[in-house]
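Scrolling down, you'll hit the structures one after another.
Here chain A shows up in two complexes: once beside chain B, once beside chain C.
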Partner chain A sequence: MLSYLIRRTFWMIVTLFFIVLIAFVINFVVPGNPARTIAGPKASPEVIKAIEEKYDLNKPVPVQFEHYFVNLLHGDLGISYRTNESVNSELRTAFPKTMYLGFSVFFLNVLIGVPTGIYAAIKRSKFMDHVILISSLVGTSAPTFWIGYILLFVVGYKLSLLPIGGYGGISHVILPAFTVSLASAAGYVRVVRTSMLEVLGTDYVRTAEAKGLSQSTVILKHAFRSSVIPLITYAGMDLGTLMGGLIVTEGIFGWPGIGQMAVTAINYQDMPTIMGVVLVAAVAVVIANFVVDIIYALVDPRISY
Partner chain B sequence: MAESILEVKDLRTYFYTEAGVVKAVNGVNFRLEKGQSLGVVGESGSGKSITALSIMGLIKPPGRVISGEIRLQGQDLLKKSRKELEKIRGNDIAMIFQDPMTSLNPVLRVGEQIAEAVVLHRKVNRKEGWNVALEMLKKVGIPEAEDRIRRFPHEMSGGMRQRVMIAIALSCNPKVLIADEPTTALDVTIQAQILDLIRLLQKDFETATIMITHDLGVVAEVCRNVMVMYAGQPVEYSDVTTVLEQPKHPYTWGLLSSLPKLNASGKQRLTPIDGMPPDLGNLPEGCAFAPRCPHKKPVCERQEPSGKWLSPGHFVRCHLYEA
Partner chain C sequence: MKKLGAKKSAVAGVLAASMLIVSALSGCGQTNTPQTQQQSASSNATPQMGGVLRTWKQYDPKSLDPTDCGDTDSYDIQQNIYDGLVMWDKSGKEIVPDLAAAMPTITNGGKTYTFQLRKDVTFQNGDPFTAADVVYSFNREASKSIASPGESYFSMIKGMDDVFTGKAKTVSGVVEKGKYTVEFDLTQPTRTFVDVLAMPYAFIVDKKYTSALPNQAALSLHPIGTGPFTFKEWKKGQDIELVRNPHYYLKDAQGRQLPYMAGITWTLGYGNSVAYLKFKDKKQDFSLIPTSDYVSTLNDPNMKNDITSLVENDYFYIGGNIKKAPWNKKPVRQAMEYAINKDALVKLYNKRIVAAWSILPPNMPGYQENPSGYKYDPAKAKELLKKAGYTNGLPGVHPMVYVKNSIRDVLAANIQAQLAAVGIKITLDGVPFPKYLDEVTKGKEDMVYGGWMQDYPDPDDFLNILFNTNQIPSNNNVGYSNPTVDKQLNQLATVTDLQKAIPGYQAVEKQILDDAAIVPLYHDKEAYLIQPWVHNSQLHPVYPYFYYWTMWIDQKAEQAATKG
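Up next, the complex of A and B:
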């Protein structure tokens, strides 16, 4: 187990290094001059030159990368071109808000998706199974911005039940979380349904039934427990993605998370901020994958490292 | 006559598939007395396992028990609610399945898999359930039971797992034990051990046993009575000596002559039964065995034999004996 953890950590670091490298290089592939964007359209060449000087923009890309990377190793993500504030402190403000929304979505996904998936599997090919499958298809296909605006208009504006946007407590998070979850819970439904159907046909579920266990014990204790591996994989990927920010939803509801931060940064070619968001998102995905692998070994005794 | 524990009358289980109605069990009758052991023999698809699952109440759609009676100590199980059946399953009737490699839950400790049945039916707490589980593991001959009880199925061999299955089945001291090909998936040496164990425990627990198998050798070793099934129906029923030494039905003859004999001289060839088992969704008119029967008469293809008791305790369903 220990050697596995060490190996795993090593590869996590390698992965992150390449993500940083690729993201950094991409910044130089896109056309446009960040210095001009910072200085504004009417700035004189001298000003632009001064800005290039200040941010090292006139140096070759490998040198710039070296600078960036050394700072990164010291935990310094640089200064935003746009706001002149440190990217670290901007992320410290925005990322907890993304986590708050992300975990709310994740919670709803599990709460809605898992029981619905189990139920659909039990009712296989019956009426309710079809209803669930069709609504999950509709849920996945409906664009987030559309669901978001409908919810905002009906629940927030017409019925005035919930705030129409902005960051805040539970009442503020409900609408954006539901907006995302209506689509993404559908994925959970399908994953759980498929893996449950597979397990419900196994010999050991029949053994459990032959013991006289009640249907709920057979389903939850015997079938669900041994069918959770695909669910854990899916949930891990989902959580990792959610931590990278929800660009559309944060935009609709004016949620000041790293998704919005990314959009603004990209518009201004604010490279240090873009890099910071990419890095946070990448770390989230890598850690989620790592945690998933550990959980595998905890829930399935056949898996050991 | 001794007290009858289980009585099955005219049991019919059909599967309503898109291709038509499959008559998997088509009129099965038998009686099982206290502590008695009955072998059910037949080829694959003869309805043995479906008969067992019907008794357990584990037939799933598109299958359905369409008629008959399954009386456990006089009470018809087919008239019971799901809740009532749950109290009987695993408690009064227990079952051992064919493949021990897939019949145990991979993510639960074997102790838990035995104990949960005990906790459920005996209304004891978890700790007592585990105590019974430990006792059962020792009874089925698992060495170092104190250690093995905390293991997962994948840490055990096939033979060990089948012992665990037997421990689960017998943990609540059932009146009837149904063993569906319990040794088919095991090595020959392990097969003998498991059969010995079943025979021993059957005496110990005074459990009436239904042994489903396609192996007449197993029947000869474990059972007192034999029911030979073909196409969802019993074609011959008698005590084991009669069936093995004076079989009357042509299908039983066929089964016996397709067995290898150790004392046979030289390279005597086995005699297989010609043809294939019939399509249960499209049974021939008349006797289901007629198309493969070397002794068929014109009547066999026109009319179904109704069956006849040649002597008390020896039933045969064949036109050769009907007059």
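Up next, the complex of A and C:
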């Protein structure tokens, strides 16, 4: 197990290094000069030069990368071109808000997706199974911005039940979380349904039924437990993605997370901020992967490293 | 001012694509041309003190530091925190004293401007305002380490550029002549000097407070100025709160202390459609109108009275790169003048624009409606192409570069179809703002669909910057060059009285259009919603948004409306 952990950590670092490298290079491949974008068209060449010097943009790309990387190793993500503030402090403000929304979505996904998936498996090929599958297809296919606006219009404006957008407590998080969850819970339904169906057909489940155990005991204690591995994989990846920021939903509801930060930064060629958000999102996915692997071993005695 | 990156843009320096969205509004007051209807809620009732204006912005401002005030969102907030030496009056036609006690005395053949300062002004932290603060603020703007995007607006001040390039330590042309006297020395007489002094980059900061900050970027998060409202809090992505500055130096005509309102809160982060819902729900006092709801709002008996609208001092155009064939042939360019049905564009955009037949917008001094007498006449366009030797239309397909957004995509497609109808084939090259800037400021494009918004209402800001040969390619993107025009523009820039220069600018504008340098398309017409209990919602004539310090809120009416 220890050697596995060490190997995994090593590869995590390698992965992150390449993500940083690739993201950094992409910033220089896209056309446009950030100093020109900052200065505006009317600025004199001297102004552009001064801005290039201020942000090190006049140095060759490898030198810039070296600077960036060395600072990164010290935990310094640099200064935003747009706001002149430290990217670290901007992320410290925005990331907890993304986590708040992300965990809310995750909670709803599990709350809605898992029981519905189990139910659909039990009712396999029956009317309710079809209803669930079709609605999950609709949920996955409906564009987030459309769902978001409909919810805002109906629940927020027409019914005045919840606030119309903005950041705040539970009442503010419900609509954006539902907006995402209506689409992403559908994924959970499918994963749970499929793996449950596999398990429900096995001998030991039939044995448990034959023993005369109640249906709920059979489903929850015997079948669901053994079908949980694909669910963990799916949920882990989902959580990792959610922590990377929900660009569309944050934009619609005015949720001040890192998704919003990313959009503003991209529009502005604000390279340090773009890099900061990419890095946070990458770390979230890589860590989620890692944690999923560890949990495998914990929940399934057959898996060991 | 600058190229319009997107739907309205910056006040001055920077036009980030992020500003794409929020509208800058410029225009004029109630007494202006017919194009400008300010139906703002004004009333004869006595202004009431108190009440908080609940307004909105989609994006966080870039900065609350004047040296970084290059976009309208930053300006909208900063104008409440800081003051400059001078400012635009409500008509948008005249510059009046702000922190200066009077307009400057101009000596030395127009090269020396001497300001007497007000003696009754304190900063929001209680520090007295003196000439030392003015000198400090201009040195700060010139500072190399700050690298203000607006520095080059002040290049006419002696020593400004030397400090900026590191050749000097202090700006020699800004001199403290006494506790309340400041002298500016210019390298040459420049009429637009007072115009640039009214720009946000020239806002005055507190020397004692600002110089003691741990780093200069900190001013943006903890701004202090002399303005009508004091900064309270900025929660990034959520809101910005300003509260009334009880020691503001301005009083109204009846001697009441300004501002009237107890504060202003901008909520941040969500878009136009959500803001509009919040406005309808009376949770917000201000909103823009989403394009999809524009017509229904205009016809809504409850909402149409809440609209304040005016035509902005900007213009959008298309043009071929005159340095390249076939655009080097004048008849080809003239053919384009006749090829576009601008009314179709206006209709397509729900009348949120007005058709342009001139370069200068309606609220700009010197405006002429249609100096060269062009009209929509596709037959004439074809005839001109024939005259240029293109009987079957122009050869080749011409890519037209523009800053991509959903509205421009639609308008560009319509332009494409209209040009095709007379035999000019183009492809649409909608790109992000940084890429657009990269192409057009190097003169690489074949055709451009661009825009320009004023820095200040002086024809020089449009005609000289966009059409002088010395501005090729950075601002004169189409590569227009006419020595006669250049000579006139250079001479007109030194005329100290704008009124005397106007006939000259009108002649220049006509010449540029006769040469068909570009095809003017339209000017933006912005419409804002403001709740009926908010009074005196005067739009700022030069920069966007409102004169917040004379607005007031009928709190009883607000309570009654929001309860119901």
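Here is the rule we use: the second predicted complex is superposed on the first by the 305 of 305 C-alpha atoms of A that agree within 3 Å, B and C clash if a C-alpha of one lies under 4 Å from a C-alpha of the other, contacts with A are read in each partner's own complex, and residues count from 1 in each chain.
Just so we're on the same page, a contact is a pair of C-beta atoms (placed from the backbone, for glycine too) under 8 Å apart; a residue touches a chain by one contact, two chains touch by 3 or more.
All values reported here derive from a predicted model rather than from experimental measurement.
Student: Kindly say whether there is room for both chain B and chain C on chain A in the superposition, answering fit or clash.
Tutor: Aligned on chain A, chain B and chain C fit with no clash.
Student: Give the angle at the C-alpha centre of chain A formed by the C-alpha centres of chain B and chain C in the superposed arrangement, rounded to the nearest 10 degrees.
Tutor: About 160 degrees, rounded to the nearest 10.
Student: Tell me the contact category for A:Glu85 with respect to chain B and chain C: first, second, both or neither.
Tutor: A:Glu85: touches chain C, not chain B.
Student: Does the superposition put A:Arg193 against chain B (first), chain C (second), both, or neither?
Tutor: It touches nothing on chain B or chain C.
Student: More residues of chain A are touched by which partner: chain B or chain C?
Tutor: C
Student: Contacts for A:Tyr204 in the overlay, against chain B (first) and chain C (second): which applies, first, second, both or neither?
Tutor: After superposition on chain A, A:Tyr204 lies in contact with chain B alone.
Student: After lining up the shared chain so the two structures overlap, which partner does A:Phe153 touch, if you call chain B first and chain C second: first, second, both or neither?
Tutor: A:Phe153 contacts chain C only, not chain B.
Student: Touching A:His172 in the superposition: chain B (first), chain C (second), both, neither?
Tutor: Neither: A:His172 stays clear of chain B and chain C.
Student: After the superposition on A, what does A:Phe253 contact: first (chain B), second (chain C), both or neither?
Tutor: The answer is second: A:Phe253 touches chain C but not chain B.
Student: Identify the partner contact of A:Arg225: answer first if only chain B is touched, second if only chain C is, both if each is, neither if none is.
Tutor: In the superposition, A:Arg225 contacts chain B only.
Student: Just how close are chain B and chain C at their nearest CA atoms in the overlay, in Å?
Tutor: Scanning every C-alpha pair, the shortest chain B to chain C distance is 47 Å.
Student: Across the two complexes, find the residues of chain A that touch chain B and also touch chain C.
Tutor: The overlap between the chain B and chain C interfaces on chain A is empty, containing no residue.
Student: Within the complex, which stretch of chain A touches chain C?
Tutor: So the residues of chain A touching chain C come out as 30-34, 36-44, 46-47, 50-51, 53-54, 79, 82-85, 90, 93-94, 97, 149, 152-153, 156-157, 160, 164-167, 251-257, 260-261, 264, 267-269.
Student: So in the complex, the part of chain B that touches chain A is made up of which residues?
Tutor: Checking each residue of chain B against chain A gives 56, 58, 82, 85-91, 94-95, 97, 99, 102-108, 116-117, 120-121, 152, 154, 165, 168.
Student: Flag every residue of chain C that touches chain A in the complex, lowest number first.
Tutor: Where chain C meets chain A, its residues are 1-3, 10, 12-18, 20, 59-60, 62-63, 65, 68, 70, 144-145, 147-153, 155, 161, 164-165, 217, 220-221, 235-238, 267-271, 273-274, 277-278, 280-281, 283, 431-435, 437-439, 441, 455, 465, 474-475.
Student: Flag every residue of chain A that touches chain B in the complex, lowest number first.
Tutor: 202-204, 206-215, 217, 221-222, 225-226, 299-302
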